[in-house]
Each structure stands twice: as structure tokens, then as C-alpha cells.
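All chains are identified by letter, namely A, B, C and D, in their written order; residue positions are counted from 1 within each chain.
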């Protein structure tokens, strides 16, 4: 259950209500965000809250996630990261390499994708690699490179956090913090990015249900961070002709249940460059608010994920297709 | 390995070659189709076939399926069913109820979907229901109703075969025979429809890989029936917010590996009417050649699958969206 | 809901009740089996049946399967096939090759497994092979061979039915009819073996839930055939180090929900001979009533499934282990 | 490829070899453990290492994991944690509540499971709960309680680490550090426990393949920590009658590929107390080296995972069964 107080309610009366909920055996979690004064209540009867003058509305939400529920913002949330905007009615493309490898590499990619219409750059500095003997990323040096290039191109940068101990460094250089699929249920890390005060891109765990993705997002929202974008990137199934199985249905399902913007990662879903464009087009058509995709200046020489990186030519084809479909379904780019 | 003989090669020399393959311990399967003279060979060296004058080409196909491999028809196959055509560059919509329930019901649906742009009618007379105590379909009476309506509307009809003992009845009334997901690996039934001489719609098994779908299709093709359309209809995964998980990536994957037309069944994938249109639009954008979808005059009263049936209004919305996206990706309707 | 009438109730009053159920909008399915007079009722209130003198008891079963529900026979069912018995408290081993290949092969295997303790022989004559170009089985000739060997060894024989058109032939030679995983939801075939009047071994579909397996079994039971054994043989998952993933938990789950005997097929689950014995031992320990396993005189030369066939020596090791664990958990062999 | 040097080789010559490998474009990772001098080499030809006098043997391991490969210790590893030993030929039981809730609760459980034969206590102080509004564990207070009880009973304690920032606290109180399923691919956390110098219990990710579990274990081993036990605890599949699907086949598969001890968590696999004992017995029979199971003094009042916690009586039944099966398969307890 989600209680919305009248704005400017004094916090004393909120705290009093919290206590009285707890005395009846229920739990209450209070949160103030952008002027909204909200309280998540569990184990308490709705009638308990009738005739309390400080309460504007009681949303009787029956999902385990409350702040993520669409009922809170039926019109859909808007997340701004620098000049990039994620919201319904728009389609926003994030592009860049799996890993930053050098200044020249990242600059070349950035300069190629921006004129094609990419609104944000991506690139990994701390890589969660399956084997400890694989390339693990350039760390802070890589972040510095990416940040310099991004600034020079006036594009925001998203990069992944995999270790709480790197949070300060990442905060310094990245405009949006990504939580990757392997950390989708790493709750301390979710809380940490909830508290960092930067926009967050939360990828779905490869074996998380949509419901679990939304409940995980609640860890971030309950820290007062509503600048949150969800990303479907393929789930693990028995099918092995693609790296993962893109759950395209997650787009309309998420749109029904949450107000948060939804983007698609066609690169990790497909695992092969040749399948990325059809999946990107499907993402637009199904109603996603954007994509994040891997592009490399020389895909065959990439230090990680080379099979799925698009060449510049392939990215151009993708963008032409995306623009046409976006127009057909009434989305601005 | 697939051998293509020069047209008009005399069958004697083909048979001689077959024998000599078998004498070396290999296997050879000969097939004549639409003037093409083809031989599927296993366990034999390609060099064996060099310098044989009757041979036009040797396709060294390394997939377990041979006749389904794109190498046989790189330009893609065309399947005509009455006036409906399935091929790359087009997008063809099949619509109708899960089950035929009465003449009035089927007529009402047919008359509604045709002007919206449906090119073929669907409807089940023999239903594979999970429980033996559920409605099992109207049988031949239902087929007769559907056939009468379809003829009066000048639309072809597809209906499902679940029992070899119903093949003759189905042959009489349906223009295309559907093999459903539960029979996707029912090999005797696949052979039977291979031999029936009518176009076939083969649905993917809910736990079949793309490779298994293609190998299953080989049972039909090897009977000389090339009027075959494949259908992705969702696979079984851990996600439970939809009935199945639509494997949208199967579209580009299948397009790479086979020449057969590919359609999508968004209704069975979604399991809920509200998600069907986004999935249908994704199907067009990803490159599918059509969809098959469930429409009902009164969805809430449908005797089967009522949660996923579109109302007439929902189908109209779907068709408007499909047309717009088809145009954007250069597909005719 | 399951109604049990007093034995010797006259069928007129049963039919009258059936009609009155149907008049209230419910459905009623009547079945007489081994003296039991049972009626499966849906869509009707339990109170409807109070104070009816011909009714012995009303089982308010809330599962979609009724006759398979443990409530009907809380003590567990006993299925006899020749001298082999499947029931709780016993552990019964079925062994033999994937496919019968010749009289010498089948005789050699039968003569080896019987003294080791196998109580039934298995062997396929009609093989559901993934590729149409693979060995498809010896058909009736193979059945005749197996039947002759089985009779000479005084062991019953189980063999698979994949096509209704082979039912008469199979009836003639086999003592138990197997429905394989690919036909687990082939409802016309399930009805057919329900009506054939021979014991049935129903394998779980590789993507069927336990609940779907039980609902499928209802197709057979509702034909009055209660000589039914269920078989867990591995389900399809993302794990690829085994052919399928043995769902060992299905044993206690099925034991809770149904009275039918449960056996395990460790061969198809494992897909590799070296893993079969540990899985067979796990089956005993988890409470299964038997196993069905593949044994071959020369595994490396088997015409099908050669990777998973046990050699005679491996089968001896398996049986020694099985006997020891069966004794430890109080099961007779 | 794994190089084993003669013991007491001087590190200079090791370093020289490392450099020359890197100059040829390969990678080399050196590790000294318990007197063993090992080098993991990738991208280099085995012949490169012939005729080098400091090298004792070259293991041409073709798996992505090297130190975890059975080839390194074909006889199997032994891991001691206090008085508890995990090795082939033994079966060791870990028991305790999901979460420590109070001194009285943990003491009561410890005093009950020890005389039944449990050799180690388990209990969570930092809980990775799906919802941020659920009980999150007692933290350091809980660890202190568990450590006090464990010491008084002379049993070692295992507890889960979910946040690097809690590592020092956990180090102080726990005898073995658990990495749970949600962090199975949290590589920085794996490295951290690799460096902590305490035994580690690594649970399989719910969507990790066996191969990925082994590659993840390499992160810990490559830090020089070989006191590592792997735990199969169920994987995510479509089946929903259990919380997860216990992959019992993982036991023989892991036994083939790695020298590390393997235990089973039947509680999280089953998700329901009534299924735990059959799964525990299956674990023994399949060759596992132990189990970790949840026991509670009052299961119905547990603050987390109450459906799957065993009562004291249920645990006694489990232990009786486990002892009998262990004896049957020749395992000491």
C-alpha cells in the first residue's frame, strides 16, 4: 500500500502515523522525493488510513513493488541524463564499445555514432568477465578516457559499476551508472546506487522474472533515486542460436506495471552482430523507449564481445531502420 | 550434403549413383520437386561427386537439415495458399477464433477481419485441450462451417490436424493444414502432412530449438511438400507474466538458415489480448512474413483461450499499426 | 470434484444425476473401473450432492486432474505387467536397448540383464528420430524379435507407440505401451492407449510441468485404464552438460499428488552412460518405484543413443548400487 | 594449459618463463599454493614448454577453468573447516536456520542438530531479500550470537557475505564464508573471498551452467584459496511445483570435471520442507559430499524461508535416512 501525503505535511505527523502503523504490527517506510511525500505500508488495513487529513491518497497496490508500480505515475516517468531524455513517446539510442580500449578507439566510435543519432555513449571500464584470465578493463584510466571523449562530444556517458569500492571513481566520471545482469540481485549494490544520486540503468538479471526486476528496482527507488531506467537484455533459456533470448514481451508487460522508462539491449540478447538490427527494430515497434547497443571501430579486433559489436556501417543501417519504425509508431528521436 | 542434378537427368543414372553411395557406407535420399532433382547424402565425401556429368551442383551443407537450408533457395521460398501469399517482402495476416463455435460466430468474425486486411482465416475444429474434460472442438461440423464461410468470403482457411485419423476430413475442408506446438515432434504426423499435398503451417514446439524446428520441417520437405510455412509462437521459459516467451530473435535466425517463410503467433506467445498488438508490431519490424492471431466476436464468452482473443476493435488497432510498420520496413500488405 | 457411488448402484440413477448436473450448467463424466463407480464433476457446488443415498463419498479435489489425484487411492496404486509389479515399497528395473537391431542383439541383452535383476525388457521398434534420414527402427519385424526373446525369458516387454496406425501391431507384441516424451501432449494418442486395454508407461514431456503430466495422465485414466505408470526422464533447461535435466524433485512431488507409480529414466536424462548409475541411485533414494534404462551389448556400435547405453559391466555396477540403496530405504527388489 | 614446476624452483626462472610466454602473445598467471608452483597459460603451444628442466608436468587442460579442473588433483580435494571435513568418501551435514533471529533461537537449533550428527552450523546475518521491505538480518549482532553458540558447541559456522564492506566483520565471526546464488557471478566478491584466507562455500547461480560455476570458482582459486566447496542448490526452470529444480546430475558431472568437494542444498531447491528429505537422500546416493539444510525450532514462525525449514523431528528423519543411504554407498559420516 502506498500513502501519498499532502505536500508540505509536517514530518512530525508523518512520523506519528509511522509509529502507530508499527504499533499495530505493520511496517511503514517513509520517503520524500521531488516534493512527493510517500509512505510504503505493509501488513496494515487500508481503512486504517481513512479520515486522516494529512493524507492525499491511498494507493492499494497489491504488487511486492510499490514505488515502481505504474499507479504512482500513470503518465510514465521522464529520466533526463545530460541532454538525453528517456520517456514514452521518444526513442533514445545509447551506443559505444563493450570495453573502452584506448582514447583513439573510444573517440573514433563516439565521433561515428553521434552524427548517426546516438544520444549517449556507453563503455565498460570494469568488466565482469566470465574468466579471471580474460581482459578485465582499463579501470579509472578507461573512465577518464571515456569521460573526456563524452564531454568533447557533449554526450552523457553510462558505465557499469560492479564493486562498491569503485563507486567514488565511477561517480566522478560517469553520468549514469549501469548495474549489469550479473548484479541484478546484488542488493547492497542496488542500495548503493540508490544513494549515489546519479541516474541508474538497471539491467534485468538473466534469470530474473519481470516481477523480480521490478522488486529489485524498488531497492533503488526506496533510497529516493527515481532517475531509473530498466533494461531488458535477454534471458537464459534452452535456445542456443542466440546468446540469450530477448524477451520482447517484457516491453508491454513492463509498460503495464511500471512508470519507469524501458530500454532494450539487442547486442547482449543476440550475441551476434547480424541479428542486432532486427531486434532493435522490434524494440521500437514493441514500444520500448530506447536501446543500448555495442558498436566498435574494428569489431573483429575488439577485446571483448567482438561477435556482437556492430561496425559503423551496420550501426548506420540500424539507425536508418530505427528512425523509420519510430516514425511509424509515433515516437520522436 | 545436397546434390542437385541437371533437370531431365534420367532416373536410372540417379538410382545408380544412389546405390554406389550406399555401397560406400553412406546414405542417399532422392527427391524430385517442381522439376528439381535433389539427393540428400550423408556419410559420404564431396569428392565422390566431382566429375559426374549429371550433377549440376553439390551443396556442402553441414546442418542436419538439408532441404530446409537457405542454400537451396537463397532468394527465399514463396508459398501460395489460395489468394494468400507468404514470401519475403510481404506481410500476410491470418485471423480467426481459437475454436469455431457456430456458423454465426465464425461468419461474424470472418466478415469483420476481411475488410481489415486479413488474407486467411484460422479456426480449430479438433482442439488439443490440456484437460479431457474441456471443450474438444466441433469436429467435422466445425470444419464444414468454416469452409462455407471461408469460401463465401473468398479467403483460404487453415485448421489444425492432431490425429492422422482425421486427415481425410481435414483435407476436404482446409486449404492449409496446421501442425500445432504439441505435435511439433510428432514425426508420423509430419510425414503424413508431407504426403497430403496441401500447404502446411508448422508451429515450433514450445521447447524446440530453432535447429529442431528446422530438422522437423525436413520430415515434411523430404516427402516432396515444399509449401511449408514455419511459425514461432513462444517458447517455455521461467517467465510467467506471459503464457510463453516469444522468441523474436528466431525471425532473423530462421531467415539466415532457411528459405521457408516465417510467421509469428503473437496470441499464444502473449496469452493476454493486451500484449498481442505490441508483439505483432515487433514481428513486422523483425522481418517476419506474417502473423496468425486470434480474434473473437465476444472474447469474454469464447469457449477456449478467451484471455488472448482480440476484440474487433483491438484487431483494427493491430492492423493499423501493422500497416504502418510494414510500410516503414518496406513490406507490402 | 470426484463422486464415488456405492458399488452396485444402478446406472439409471447415475445417469439421472449426470443429467441434473448438466442442467445446472455443470459437466459430469461417468466412469466405472474395477467395481468403482466414479463421476468427475466440474462447475457444480459440493452441496448439490449431499443427501443423495447412492453416493458413498464426495472428494472435493481442486486440481485439474481428478482420477490421478492421490485422494482417490491414498495408499498408492499397484500396476502389474506380467510378473513385474510397480508399487510403493518395491523397486523395479526395466532394461534393454534403445532400438532393437537384430535377434542376436536383443537376445544377448535380455540374457544379460535378467540375471542381474531386470524385471522387464524395453526396446524400440518405431523410433521418433530427430532427423528423417536417421535409422527409424525395424517396425513389426523388430517387435516380433523382442516379443520372442521376452517370452523365452519370461519377462514382459515395453515398447513405444508413436502412430495410432501402429496400435494393433503394438498391441499384439508388447505387454506395456510406452508414450514417449515427444507425444506426451498428443491427446488422441493418449486416448487411444487409454482404450487399448494394456498397461501404459507415460513419459513426461520435456517441457511439461508436473501438473501437465498429471493432467495428460487423466486422458488415459478417463478411458478407464488405470494400469498407468508415470516416468520422469529429464526436462529441458539451459544446462547443457547433460542431455536433459533430471527433475529428481518430481518424485516426491508426484508421490504427494498422485497414486500412480513413478519411475525414472536416467539414460535419457543423462545422455551419457557415465552419469546413469548415480542418477539411478538417486532415483531409489528419492522414493521412485523403478527405473527404465538403456543397455547394449556393444554400446559404441548402437544404431541410436549410443552415448547413453550402459555396457553389461556398467549395468552390473548399477544393479549392485541400486540393490544396496533400495535395502537402505526399505524397498524390495 | 596448466604448468606445474618442480617444487623449490626459484621464482626468477618462473618469472623469466612468464615473460617469454607473454612475448609470444600468450598470457601466463603464476600461483604458489601449499608448495605447489603452478602457472595457468593461455594462447601458447604446449611444445613451447618441452625440455624446460624446471617444469615437472604440463597439463593440457582444454576447459576455461584450469585450477578447478580435476586433472590437477585427480584424487579429489579435502577441505577442513574446524573439525568438519569435506571430501570424497565422507558425507558432512551443515544445518541451521535461514536467518539468526535471537540467541535463544540459534542455541535451541544448534543444540538440537548437533546430537543428530550435524558437523557445522549455518545461519544468515546479512540476508539478500527479494524485497527491500522484508527483514534484512541482524547484521553483526547476529554474527556474534552465532559465533558464541557455535563455539560453545564446538562446531564451525558458515555465514553468507553479500557486501565487500562487511568482509571484516564476517571474517571475525564465521569459519567459512558463503557466496550465495545471487552473487555467484559477482566477480569482485569472489576475488575478495579468494583473498580473505578462510574456507569458502560457493553456491551455483540459479541460472549458471556447471561450466560457469567452475569458471567462477577459478576466481577464488586463482587468489590462492583452495579451501573451496561447491554447492548445487537448484536452477531456474519452467517447473513451478518446487522453488527451483535441483540439478542432481550436477553431482556426477562436477565429480568428473573438478577435484573440489560438492554439496547439495535441498532446502532452497525444494522450497518446501516436505520435499527436503527425499532430495537429501538423493544427494547422498548420487555421490555428493554433504548437504546444507535449513532447520528451525518453530518453522511456522521463522522470519524468512519458513516454508522450507525442517522441524527438529523432520531433521531427525532426514538424518536417519541419510545415515542409512551413506552406509549403503560406502560413505562415512
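Criterion: contacts are C-beta pairs under 8 Å (C-beta built on N, C-alpha and C of every residue); 3 or more make two chains touch, one makes a residue touch a chain.
Computed from a predicted structure; not experimentally measured.
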Hey, what chains does subunit A share as contacts with subunit D?
B, C
Computed over C-alpha atoms, the centroid farthest from that of subunit B is that of chain D
When the centre of a chain is set as the mean of its C-alpha atoms, what distance in Å lies between subunit B and subunit C?
32
Subunit A to subunit B: how many Å between their CA centres?
37
For the pair subunit B and subunit D, the C-alpha centroid-to-centroid distance in angstrom is 48
Could you pull out the residues of subunit D that touch at least 2 other chains?
207, 236-238, 240
Chain-level touch network, classified as line, ring, star, complete or other:
complete
Footprint of subunit A on subunit D - complex, ascending
27, 29, 40, 42, 64-66, 128-133, 162-165, 182-183, 185-188, 191, 205-207, 212, 215-216, 218-219, 222, 236
If you look only at subunit B, which of its residues touch subunit A in the complex?
207, 209-211, 235, 237-242, 245-253, 256, 269-270, 274-275, 278-279, 281-287, 321, 324-325, 327-329
Subunit B contacts subunit D in the complex at 236-238, 240
